[in-house]
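Two complexes come next, and they have one chain in common, chain A, joined by chain B in the first and chain C in the second.
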Partner chain A sequence: MISVRIIQQTPDDMMFILSGTTAAFANTLRRIILSNVPQLAIEDVIIVENNSPFTDEFLAHRLGLIPLRSDSDFLVLPDECECGGVGCSLCSVTLTLSVETADEGMIVYTRDLESQDPMTVPVHQEIPIVQLGPQQKIILEAVAFLGIGKDHVKFQPVATVGYQFMPSITLDSNKCSDCKECQNACPRNVLEVENKQLSTRNILNCNLCQLCVDACEDDAITVSGSEDSIIFRVESTGGIDTERIVLKAAEILKEQALEFEGLLKELPLEK
Partner chain B sequence: MIILLIPVRCFTCGKTVAHVYEEFVERIKEGSEQEDPKEVLDDLGIKRICCRRMLVTHVNLVDDIINFY
Partner chain C sequence: MTQYRCQRCKETVLPTDMKIVPGIKCPKCGNRILFKERPPVVRKVKAR
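Our next item is the complex of A and B:
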């Protein structure tokens, strides 16, 4: 039976403990988050005018990497849209940028992008897109689509997602000679020694590096990862909240498993 | 390759770093209110070494070339 215990949760960061499962399952979840959870990003850029020091492709690349937040749930993937992926109001959002400088140069930020849909805006307002000199002009139209990380990293909803085994540290205070070598060796300050009494604080910080085991000459410490309990960490780029990312990933995993089951049933299996 | 403007995302992990660049530069500038870059990065939420090097090692070359356009 899989159980989930949330340790820390904010829209941008999430940490939970998956227990009663295997690393294979955690890895499936990780890979689905990385490559299958849809995220909005600028895909097409129509440049009307650009006489800035930057080339058109440089601009398009930077625009693509800007994380967009969409609070509307109505958008669908272009492949599944009625329009066939051409870009209609059901599957795309258009943003426009038009800036012109007079005698002084300026930096163009993401806040200068005007979105057609007020619900869809860049996550950060202060990302510099280009820098313009005097008497320069940029007019462009950017079309954002939903996409998946398999096609391009800009569609990845997370910056990092990873897991590690839950540390299990056994301490034998009877063997301790109070040398404090283990405490000094630990890079994460997990161990504490006081009057020959070994203890741990915030065990989740332990990264199983075994430095304390090597430092201890009395063999009082053993560190190992427990295989059926996994610490899972998700860090969002801001486009989708971490909780929704994980739920969406679970949904996709279920869909894929059902699809696979259906395919298996069609096969003429030998009995 | 010459990187003219601060990259939008970290090359390694993909975290957005460009939005804190100007605040970072402002806060570590020499002067009475100069802060330790290490603490500024921690405060801005840039925790990993890969993202930190994006900000620490960037040289904003646009400022130099913009005069020739």
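Our next item is the complex of A and C:
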């Protein structure tokens, strides 16, 4: 039975402990988060005017990488849309950028993008897009679609996602000479040794680097990762809340498993 | 049609105007540096 214990949770950051499962499951979840959870990003840019120092392609590329905040429950993937992926109100959101400089140049920021949908806005308002000189002008329309990380990295909902085994540190008090070398060697200040007794400050900070084991001349300390308990960390780009990312990944995993089961049943297997 | 602009006199130069003088030159001032103007068409670019 898999159990999940949430250690830390904010819309941008989440850490939980997965127990009663294997690294294979945690890795499946990680890979689905990276490549299958849909996220909104600018895909098509219609450029009406651009005499900035940036070429159209460069500008479009920069726009594509801007993380967009969106309640993607209302949007569908272009492939699944009735319009066939051309771009309608069900599968796309349009943002416009119209800036012109007079005698002085300016920096164009993400806050200058005007969204057709007030819910779909750039996560950060202060990302510079381009610096304009005097008498320069940009008029463009950017169309954002939902997509998956497998197709392009801009559709990836997370900045980082990873897991590690739960550290298990033991100290043999019969061998320990109370030299405290292990305590000093730990780069994350996890260990505390008092009278040959070990206590840990925050075991979740241990990254199993084994520096304490190397530092101990008495071979009294052992550090290992417990394989049935996994620390899972998710850091969102800000487009979707971390909780939704994990739940969506679990949903996708279930759908894929059911699809796989259905395909297996169709196979003419020998009895 | 493609349009050019002279670097020195800022005059708009059409390809037909350039046939008046031999070589690539501004027919008004004779300057040999011309900039190609952005054509007035809407471009659709993939953000990739």
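We adopt the following convention: the second predicted complex is superposed on the first by the 267 of 271 C-alpha atoms of A that agree within 3 Å, B and C clash if a C-alpha of one lies under 4 Å from a C-alpha of the other, contacts with A are read in each partner's own complex, and residues count from 1 in each chain.
Rule of thumb we're sticking to: contacts are C-beta pairs under 8 Å (C-beta built on N, C-alpha and C of every residue); 3 or more make two chains touch, one makes a residue touch a chain.
Note that the coordinates shown come from a computational prediction; the quantities given were computed from them, not determined experimentally.
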*Of the two partner chains, chain B (first) and chain C (second), which one does A:F25 touch, if any: first, second, both, or neither?*
neither
*Of chain B and chain C, which one touches more of chain A's residues?*
B
*Figure out whether A:T237 sits in contact with chain B (first) or chain C (second), or with both, or with neither.*
first
*Partner chain in contact with A:Q136 - chain B first, chain C second, else both or neither*: first
*Counting only touches as set out at the top, which of chain B and chain C does A:F165 meet: first, second, both, neither?*
neither
*asked:* Just checking: does A:D44 make contact with chain B only, chain C only, both, or neither of them? Give me first, second, both or neither.
replied: second
*Could you look at A:H124 and tell me whether it touches chain B, chain C, both or neither (first, second, both, neither)?*
first
*Residues of chain A at both interfaces, chain B in one complex, chain C in the other*: none
*Contact residues on chain A for chain B in the complex?*
52-54, 62, 65-67, 105, 110, 123-128, 130-131, 133, 136, 153, 156, 158-160, 235, 237-238
*Using the touch rule from the top, collect the residues of chain A that touch chain C in their complex.*
41-51, 56-57, 59-61, 63-64, 142, 152, 154
_Looking at the complex, which residues from chain B come into contact with chain A?_
4-6, 8-10, 13-16, 18-23, 48, 62-63, 65-67, 69
*Tell me, which parts of chain C touch chain A in their complex?*
38, 42-48
